[in-house]
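Here chain A shows up in two complexes: once beside chain B, once beside chain C.
After this line comes the complex of A and B, so read on.
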């Protein structure tokens, strides 16, 4: 088997058995990057020299028996909103275009301790605000399944890098679907863990009550191995929770007998693409055949999740992004007249359009006179949405539905109409509001050969049940195939109708 | 409700947001924010009279720790990211006349 055809855990096993080395694996990844990166643009920063040194050091530790984990020696890509000491970390924004952190994110440190070899930092929507990776200040990433299409976002660089074989696995972050949706568009696995399961220390904040770091991988087994490695209680993140039971790989069993799966009827209404609908429903049939009890139900409040989310996320973003002031780090405008003018010009020149749009909206909903009508109202609706999920999980173990209403849209077709773009988040966003874990995995392809994502949502801290269900489905589905096999062969897409 | 977004609102919000918008950007912001708020007004359909606002999904308490210094002196490293520095300090524009 060629090294690049291996999953992360298969590669780690092969290195451990002496069949290959961390250095050989890294060199193959760099060959792929050299061949494909100009086309796909998955990365903002590539640290070839540093990665080679890491690979050599990790290889020695594997040979001496010091390192033996399920990911030891495997090259990984990190989304560019996670700090890595000494490595450029930009959030794909001009305002952080020259920022070199003095410390690393806890999730990254956990990976490094497990022998990860960090290739570099992946492209994203600026400050994770977007659904296409087109709001990046450093140019768009292209979908390896069809380079006329977006990879999704905001973790689009991470998803595309996996689909293109430019890394073996990656970390992403998910505030309203930013791991799950690009995973769906790129035909890979992505998981948003329960809020608090993975430390947010060193993750550059967007909407702090919603942000969560999670695994992006080639299959469910890798996903479990990554989650097991990055989940940890961290005193440096006061919302981090302490969980004892993080042996996620033990959940990889083919067993859904008696599992109660609920399908929200309100996730299958207007706007859902027919191909997506039939692929997702087919996946539910497969789980039923495997012994799960599958029922339809009304989740309710689905249409209220997007306005609630954009109010809360924009409010938190406007507060979180106050720190970018041109004083301590990052960009500072060249010509200014006094302190306040410097702040305003720095921020206006440093932030892109979508970021400014959300900062303005957030500042407004938090402003005196409108706080109760907008921000407080949204926090109350959030409580209602949480309650709707609590009710659902009193009847069901897992909620099953689509990740996104369509497959990957064409480049350049989304940004002109923000509300239309936000509507694409309808199935992912409520999960963040309710703090729940959810996984996205490939369940078919549409008429144009683009991947379709299946979303499984669990109650808080039921990651094992989610992984077991996803694993059972994945085994029944069989191999999904890789984007790189289709490169150059995929036919040009016909013009897509509006959503 | 979009009619609440006047030129004055945009000017006021840009002061809060510390953003300087060009005339075109202001017009765009007025349109975008108006549309977004019209959309958010949908939440008004729900009766939340007796609902408590939820800022955090789990019952969390204050997290306390001893007030001890745990970080080392990395002044030079931190300053190396600053747009301007002088004598081991961040350099800022004149604030008082």
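After this line comes the complex of A and C, so read on.
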């Protein structure tokens, strides 16, 4: 088996058994990066030298028996909104184009302790605001399944890097679907854990009450191993939870007998692509065959999720991004006249269009006279959405549906119509509003050969149940195949509109 | 005849809490260190850093709230106050707007007329202090020191219940003592650990409506507060008398010039876009926590004054002064506990201590000598090892550097000479050298003996017991 065909946990096992080494695996990844990175542009920063040193050190620790975890020695890619000490961390923004943190994100530290070899930082939508990775200040990432298409976003670089074999696994962050949607578009597995399960310390905030770091991987087994490694209580994050049983690998069993699965009818209405719909419903059939009890129900309030999300996330973002002012770090405008003008020019030049749009939206909904009508109302709707899920979970163990209404759109087709782009988040954002865990995994391909994602949503802290269900489905589905096996374009895309 | 006016005053008092570490990170709150040496990613607003509440801040805020008869908010939150300024590294201050920790309290003050009145407390909230901007004239640039960024503050907002500068000072004194007694802050106005902003309006006597108020900032002493209140009252009355309007604005007091100037008007007021800080979990105050803090509340001044009267039998005036500073009261009680001589301890505090504090401009909070050493000094003096003059000399050294009086007396050879033979010899010599004074004394000028005592003490380098000198002199004369 070629090294790059292995999953992260398979590779760790091979290294442990002495069949290969962390250094050899890393060199293979770099070869792949050299061959493909120019085409896909998954990374903002690649730290070849640092990674090699790390790989050598980790290899020694593995050989001496100090390290033996399920991910020891495996090369990983980190989304560029997570701080790593001494490594450029930009959030794919000009305003942080020169920012090198003096500290590392807690999730990254957890990975390093487990023997991870960090390749570099992956491209993303600027400050995680976007669904396509096209709002990056450093250029768009391309979907390895079809380079005319976006990889999704905002963790598009992480998803594409896994699909392209430019890393074995990655970390992403999910505020409204930013792990799950690119995972779906790139045919990989991505999980957004329960809010508070993974420390947010060192994750550069977008919407603090919604942000959550999570695993992105080749399969469900890897996903469980990564989650097990990064989940921890962190005294530096007030919203981090303690006392959770994090032995997620133990949940990997093929068993859904008697499991109650609810399919929200409201997720299968207008706007859902037919191919996506049939692939997702087919997945539910497979789970039914495996012994799950599957039925339809009305989740309600689905239409309110998008305005609620864009009010709360933008409000928090407008405040979170105030610290980028040219005073302490990051970009500062060249010529300015006084403090106010420095702020204005620095921020006008440093932020991209989508970020500015959300800062303005957020500032507006928090401003006096509008606070009650927008922000406070959004918080109330958020509570109602949580309640709708609570009701659903009193009847079902798992909620099953699509991740996104369509497969990956073509590059350049989304940004011109932000409202349409925002509507693409309809199935993912309610999960963040309710703080729930959810996993996205491949369940088929559309007529053009692009991957389709299946979303499974669980109640708070039921990651084990979620992983067990996903694992059972994955085993029944069989191998999904990899983007890098594709030669050139998967299939001819329909003619672009207007051409 | 001119109209009669009533002044209406409310205060916003900021108090820096005496915690060892900052409100949302583990950095030290120590004052006066090298710029930016007490900083971390949290208090410098680095991307990805997160605040975690220092529990001691919450406990102090609740303790102050309980001592000022407030309702304690059992489910509270922190809010972000958004504004851009370089001393504020996140460009938002974490404060409390919607659910402050304490509400609806009040303290009783004594009025000029000798009566009592309650000044209501609208709310007390917790917040973080900002850093400090330092303008470098030489390089023509502004530098930021974030050592103070994140130092915990409480803001105590009163109701507009005060009517004169005297009432304001009485209210501030009351707050200062309560907070000092709690150990929650040293409350020094000059050093900024207690800051008061004065909201003042005037209205015609008897009117029920409030006038337009102004807010006065930069008041660094009780004197400045009094002067600023008088000045602002007159300014507003003058405006009204001239048929003009008071503008709602923030003014800055210049104590050197004795006048204020407008900083910003209400029209310039920023929209702070307050909203609950999503990085901090709600503050839940349990019954257990409240009970625990209540149990730890110290004896406050009123109770202490009552107890001193009963237990120590010292003058009311002494009690008033000693209990007027927490540190004084502590020294008093601890010294008495060692030597059991309340009157003598009180005398040392009321006499030499107050004198030296004034002379050397030392705050009571900064008194350094230990109760043990004061007790020892009293014992040395009582047993005649040192005389009063030497005792005062030793005390001054103790006041500066808390030396052990025993050791100091020993090292400097200050023990009284009680060897009568040696003393007698010296006195004989003094008598021989000063025939005029001897003559004066013998001719009935009793005062002349004072000069001879002085000469003897001088010859003995102050180490003789004056009583014994007197006795021998009289014998020999």
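Please note the rule applied: the second predicted complex is superposed on the first by the 490 of 499 C-alpha atoms of A that agree within 3 Å, B and C clash if a C-alpha of one lies under 4 Å from a C-alpha of the other, contacts with A are read in each partner's own complex, and residues count from 1 in each chain.
The rule we apply is simple: a residue touches a chain if its C-beta (ideal position, glycine included) is under 8 Å from a C-beta of that chain, and two chains touch if they have at least 3 such contacts.
No experiment lies behind these values; they were computed from the predicted model shown.
Enquirer: Of the two partner chains, chain B (first) and chain C (second), which one does A:192 touch, if any: first, second, both, or neither?
Expert: A:192 sits against neither chain B nor chain C.
Enquirer: In the overlaid three-chain picture, which partner chain does A:419 touch, first (chain B) or second (chain C), both, or neither?
Expert: Once the two structures are laid over each other on A, A:419 reaches chain B alone.
Enquirer: For A:311, is the partner it touches chain B (first), chain C (second), both, or none of the two (neither)?
Expert: Touch status of A:311: first partner only.
Enquirer: Of the two partner chains, chain B (first) and chain C (second), which one does A:83 touch, if any: first, second, both, or neither?
Expert: Touch partner of A:83: chain C, not chain B.
Enquirer: Look at A:16 in the shared chain and tell me whether it touches chain B only, chain C only, both, or neither; answer first, second, both or neither.
Expert: Neither partner.
Enquirer: Who wins on chain A residues touched, chain B or chain C?
Expert: Result: the larger residue contact count on chain A belongs to B.
Enquirer: Find the residues of chain A that appear in the contact set with chain B and again in the contact set with chain C.
Expert: The answer is residues 99, 102, 209, 235, 238-239, 318, 322, 325, 327-329, 339, 343, 363, 367 of chain A.
Enquirer: Across the complex, what residues on chain C touch chain A?
Expert: Touching chain A from chain C are residues 41, 44-53, 80, 82, 84, 86, 89-92, 144, 271, 273-275, 278-281.
Enquirer: In the complex of these two chains, what residues of chain B are touching chain A?
Expert: Per the touch definition, chain B meets chain A at residues 9-10, 12-14, 16-21, 25, 29, 32-33, 35-37, 39-46, 48, 51-58, 60, 63, 65, 74, 77-78, 80-84, 90, 92-95.
Enquirer: Can you name the residues of chain A that touch chain C in the complex?
Expert: My answer: residues 81-83, 89, 91, 96, 99, 101-103, 105, 200-205, 207-209, 235-239, 315-316, 318-319, 322-325, 327-329, 339, 343, 363, 366-368, 371, 375.
Enquirer: Which residues of chain A touch chain B in the complex?
Expert: 98-100, 102, 195-196, 209, 235, 238-239, 241, 301, 303-304, 306-308, 310-311, 318, 322, 325-332, 336, 338-345, 347-348, 351, 356-357, 359-365, 367, 374, 376-384, 386, 418-419, 433-435, 460
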